[in-house]
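Presented sequentially are two complexes of subunit A, the first with subunit B as partner and the second with subunit C.
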Partner chain A sequence: MIRTLTRRGASPLTLVGLVVVLLTLIPLGYIAYALVTMGPADLAALLWRPRVGELLRNTLSLMVGTVAVTTVVGVACAFLVNRTDLRLRGWWHALLSAPLAVPAFVNSYGWVSLTSSVQSYAGAVLVVSLSYYPLVYLPVTAAMTTLEAAPEEVARSLGRSRTRAFFSAALPRLLPAVLGGALLVGLHVLAEFGALQLLNYQTFTTAIYGQYQSSFAGDAGTALSGVLVVLCVLLLTVELIGRGGRRVDRVGRGTGRTAEPLVLGSRAVPVLGLLVGLVVLALGVPLYSLGHWLVVGSSTEFPVDELTRALGSTVGLALGGATLTMLMAMPLAWLVVRRRGPVSTVLERLAYTANSLPGIVVALALVTVSIRYAPSAYQTVPVLLLAYAILFLPRALVSVRGSLEQAPALLDDVARSLGLTAWRTFLRVTVRLVAPGVGAGLALVFLAVSTELTATLLLSPIGTTTLATEFWSNSSSVEYGAAAPYALLLVLAAVPATVMLSRQARPEEVRP
Partner chain B sequence: MLRTRSIRLLAATAATALALPVLAACGGEDDKNAVVVYNAQHKQLISAVAKEFTKKTGITVKLRNGSDLELANQLVAEGTASPADVFLTENSPAMALVDSKGLFQPLARTTLERIPAQYRPTDGDWTGFAGRSTVLVYNPSLISEDDLPTSLLDLAGPAWAGKVSFSPTGADFQAIVAAVLALKGEDATKAWLAGIKANGKTFQGNNVVLKSVNAGEVATGIIYHYYWDRDQEESGENSDNSKLYFFGDQDPGAFVSTSGAGVLANGDHLTDAEKFVDYLTSAEGQKIIADSYALEYTLNPEVPLGREVKPFAELDPPAVGVSELDSQKVVQLMQDAGLL
Partner chain C sequence: MSAVKISAVSKSYGATDVLRAVDLDVPEGSITSVLGPSGCGKTTLLRIIAGFVRADAGTVTIDGKVVDDGSVAVKPERRGVGYVPQEGALFPHLDVRANILFGLPRSARTSARLAELMDLAELPSALARRQPFQLSGGQQQRVAIARALAPRPTVVLLDEPFSGLDAGLRVSAGRAVTRVLRHAGATALLVTHDQGEALSLADQVAVMRAGRFVQVDEPARLYGSPVDIETAEFVGGASVVPGVVRAGVADTVLGTIGVNAADGPARLLLRPEQLTIVEPGAGSAVGEVEEVSFYGAQVVVRISLADRSAVVARCSSTSTPRPGDRVGLAVDGVAVAFPAST
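And now, the complex of A and B:
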């Protein structure tokens, strides 16, 4: 058996992939177990009530609205920066990626403290979209950077207009990036807690948190988690159907060339206006508000020791979490792209599903499991890192997968034919080809961990505080001023990773 | 050759990155002798007390911060394996829950007797150490003082449609509901919850309630007194346009919620934990609370709060036993009412 697998060259990685997926399934297993032991009558009583319908409406409408807005904004921005003669595109690219450095709950805090009118459906869509559109913008930009012009030129030579050529010959090849980004946004919305709590917009995740905070048995919360998992599976299915099985890597020989930029001409002014407006809303508002609270609150003080400690543990946890997550994502991504098939697809989808669980559900599952089966691991850094890896695996996966899909499989085959083992080929050829994706993935996970709140609260070793937990505890006890320095550090801590991400997806330099 | 080396370099970098947080977590003030406090009270307040306590006794204190029922839930899940030595809450229902599982070590008489009997359970398993009064914050430009209700229960009436707000997921509001339940019984509480669900606007957190009333989005809000008082001290930005109304007259709306402190029987530092709780109720510890930013009422009569807050003696709260407050029943009722 092992030998057969080994001959096919998949065995070590398949096994690793399996282990990775099994680890990510711990929280789901916990929910399933809890739901089953609850019994159908109790479960029905918890699910069949008006409140659940209200949450379902809220959650779905927010998800649809946010995914639509972020997709349009993300793709449009990517097009303007990469495919037009927009000036200072390097600057625009940096500015458009920068909102990633402002965590969604800091952004919400900024908006809510300026105007409570954002505490509505439209407000929630606006604020959450402003935080999440870079999740679409960056992968689409990265894909556009390497997108060859030839198919579009062929389409144009056959008489299609520029616009139609873009839609028929370029967009389909960008689809994996667009869908991947939209999927990430959808999953984020399902799991978002801090931002929505501040925006006073109730979804399943905030309601589950409310339940965990107020009920001890947690049955109601677990039942709501079950619904959330179902929503996530539906979302993944929709994306899977949309993606289809088409190949998007280059098949031709020679060096690729990107398309000629569209001349904006008189359209440059309104385009600039829109871009400036977007940056003001996504970046200007939260930073202005932060500055305001730094200046106004008399509780604003810089407890340097506490700040330094929180910063140190945040950066340490984020580096560790990003590394572990990437180590888990790489074999999985390779399986999905290079060994397409039902098994690898199911493995990948299962890994994504774990991500839609709110941090609090993953954390409580790990608390229960570790206390029962590994008491010495309870409330230690490894379990916390595992929680991060479970939560953020999809971010790493999407990035690595994206670049792996565009890396010609032929090079792997050549390496194998020259006598390298599957493992050596993976390390010496594949890893190198996907390096940009790995970098982007590391940065994405670093960002996510440094702003993670609920899992950190429950699983971190006693006495460990992070910037996010300090920010939250201050802002939730009316200490807006005291929260501000932590928010500032959160933003600063996220800057290096954002810069790196932004560089990974850097648009082509303007040719003279 | 270079390639192999760069792979090794990568592996070494990854290993370092994984080890870093472990080192960072150990590198801090990792002290096996420290008293572990599960703290649901405001962190700044307890940090201030802990700092002085360490200065005085040399005993170090580690805080794990969270909310009342979250940490109570965690303590129950952890059971005897819990690393916690002390549990501090904002409201007493969470204390009652942990006590019902028999996890507390009874406190010394000297610790208990400093606090008036109505602010601690009869079994002496834990004690109150601070109090907070229920209030109705209102915006005078939307409602005149004469139109304010005489009882908290009036807010369920049709005249109050769209004029009241509260934060149902918070432990604070749930403690108030628990007081209504203890004072008026289940049927009256159900009717009241249904009424305020229909009339009210819900927010996440009392600070948001305060802010929304102050901004004129809604006329009144059910909160605790110190949210308003603290904002006055900080900047007044979220409270200058609003006023506080105290129900008094032993109305459920005058309920004073008790912040509790208890020692976990299975903790590794029993003696030090007892010293910490003792310090919290002592004149010295209470003085730190009184002088802090918190503006919660001190419960040791030797040390009145004495700030620009309505005096504790004038509150006229209803008599509610701190261990009568049934959080599980409250959650059930609120769930049935569609508030949770």
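And now, the complex of A and C:
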């Protein structure tokens, strides 16, 4: 038995995990409670309006358009980088993942400040897709680097062309990665606030923000939040059904041989043209726009004091948010890895579900709950930090969980058999092995918090300015030059996390 | 007639020559094995025949048609080859039925053809709706063979098909697969690094070393008359003793041994089964047992001789010597002679 030295059954740790999960469930629980107490008649009156129908149309059509575009672009880019003899693939991989470092609302600002013609459905699909296609590209690339070529080669020797062999023997095995990426894009589109507000494109998320501004924590906002939550759940369900119960991983250990690269030949020039075009649109336009406004803006004023203040409070909030999130993630990760069982699994699933909620829903629920039940906590730092923790818990959980799995209980047993006490074992073995994962998780959450806009706008204490809120107040009042320095810092804050994600999915170098 | 004919095929990756002008004929209806250590180029050759990799020079002919002449290559899907990679590589998202019928045109994907193929591959019909991961390693292997045979290919290419299976399963899976291939009357090319597999399953074995075929022969001839000592040692246990040949008899540390070689110094190859352990006594060479490896039915004994060289003998497990014992050695049959090392 591996687990001879770990205790089993309910324990204080399980209770801690339960508390953590209950905290993350506050927004969802509140919305469910509010919708039920509102009663069907009131709810129908709030929702059965042409306005809601229009929002639904807007939101769904944007989601479908964006998911379609990002899936095609993401899979196509992954194919070109991983499966052809494209030169400098390492550079292309970096360039193609780089748009993740430009927060969607900064990208949107880049476009809107150059041309108002993107303030349309097509414009919204374009801008949002350019921001989110790496969410498909990265997992598909990661899947392709380990995708064994043998089934595709068998399909070819059985008479399928290269294209048909790819579709019939490779794509089904890439499906989980493609669907997972598409799901992320869908959830991001549902949650996107800043980018769409700047593009003047109304969805549920922007409408909830509007409700919040006009009627504060009213029932109308809660009802719209409820619809948004239902949409998120539907999306998760569709993805689950699409994935199906089938196992698509390889059978057996396989050879690990990856496919022979497709020789582009005369197609290299148009392919390069397309890739350059994509990078120009996704990266060139926002960065050019940023540079342009930096030059124009700094000629008038460069508010060093305000910048420093915003930077200071951003770093402070990010540190606090990352620490709280990690403190909540660690007991959960420990439960999931070391105390496997139905209780742990349910707790973990619940924690992930809570994260699928858009920031606006979490923020609005916390506003309402704090006003109704703890008015003194309203717009205080702890509630804001809790919102961050609810939103970013899975990022921390994934990191800690991954490294905890590298520290199997078997090693604890070995250490104990060598005469170490349980506590010494924890310090000398477990902590050392888990530390990198904890560090990576902290960094990821830190960076996510520093570029978070929606919850910060609703929950930050009065007078507290962050990079995101300062950027927002300037850019939404069309002071593009004044917004530029904040945008620059936001991009810089997002670079390390992007590099980390890009490295994890790095394509294999082709042999010479 | 040859199902596959390879002439002067070369391939290099950068500065590394993987294949150096190799020739090979795979006769129709036969099983040919390409045997060699890993990295010798055998898998590259198979991939060139299948069309996944292009030859730099030389020609590949399948069923009388040139499919690769170093400049123009027929696409893999037009070659009529069946391909069975390591562990079969079944499509994980398709069930057994869909896997087997994958290569047939839609109209030909009938239950009758499926039943025929499953019967041929000795697969119980109850497996038709199973998913690949529900099958044992040997069953996966046979599904892969049935899938490759379904479109009636000119040749079936098997790339180390058994190396993923554990030792016990390898032998039975190998026998089952060759039985299926022979029932189907198929031509097959089997790439392997396992000499036992090559010798026991194939009609013709082509030994490859560093991008060249060093010998292409029937298994028995390959084992009995290898072209050089390296090949001899690669295809089976071997002891090499120096000797001087005079009039068809070699004088060695083991006494006199019959050979078919010209007079002069030579190196003689003795297979373990040619050496018999006897009571030490007059007329027989004497040595000291160094190492005894017990395999159940038989025992392999390493014996050091008077000149401190060592030979390997095989004996039955009923009379096993112990390390340190002094034993006598008798030689059966004729040894193969190679020129003395220079």
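A few points about this structure:
One rule holds in what follows: the second predicted complex is superposed on the first by the 329 of 512 C-alpha atoms of A that agree within 3 Å, B and C clash if a C-alpha of one lies under 4 Å from a C-alpha of the other, contacts with A are read in each partner's own complex, and residues count from 1 in each chain.
Operating definition for what follows: a contact is a pair of C-beta atoms (placed from the backbone, for glycine too) under 8 Å apart; a residue touches a chain by one contact, two chains touch by 3 or more.
Source: prediction; values computed, not measured.
Once chain A of one complex is fitted onto chain A of the other, the partner contacts of A:Val271 are absent, as it touches neither subunit B nor subunit C.
By the touch criterion stated above, A:Leu198 is placed in contact with subunit B alone, subunit C being left untouched.
Contact with neither subunit B nor subunit C is seen for A:Val233 once the two complexes are overlaid on the shared chain.
The wider contact with subunit A, measured as residues touched, comes from B rather than the other of subunit B and subunit C.
When the two complexes are overlaid on their common chain A, residue A:Arg309 makes contact with subunit B while staying clear of subunit C. In the overlay built on the shared chain, the residue A:Leu317 is in contact with subunit B alone; subunit C does not reach it.
In the superposed model, A:Val16 makes contact with neither subunit B nor subunit C. In the overlay built on the shared chain, the residue A:Leu458 is in contact with subunit B alone; subunit C does not reach it.
By the touch criterion defined above, A:Val381 reaches subunit B but does not reach subunit C.
Of the residues of subunit A, not a single one touches subunit B in one of the two structures and subunit C in the other. Against subunit C, the residues of subunit A that register as touching in their complex are 148, 150-151, 153-162, 165, 168-169, 172-173, 175, 246-255, 260, 511-512.
Residues 49-51, 54, 112, 116, 197-198, 200, 206-207, 209-216, 218, 220, 296-299, 309, 312-313, 316-317, 319-324, 326-327, 367-368, 371, 375, 378-379, 381-382, 384-385, 427-428, 457-458, 461-465, 469, 473, 476-482 of subunit A touch subunit B in their complex. Taken in their complex, subunit C has these residues touching subunit A: 13-14, 50-53, 75-79, 81-93, 102-103, 131-133, 135, 137, 140, 144, 147-148, 150-151, 153, 157, 160, 164. Contact residues on subunit B toward subunit A in their complex (touch as defined above): 3, 7, 14, 17-25, 28-30, 34, 36, 42-44, 62-70, 72-74, 76-78, 81, 83, 97, 168-169, 171, 174, 202-208, 210-212, 215, 217, 227, 230-231, 233-235, 237-238, 293, 327-328, 331, 334-335, 338, 340.
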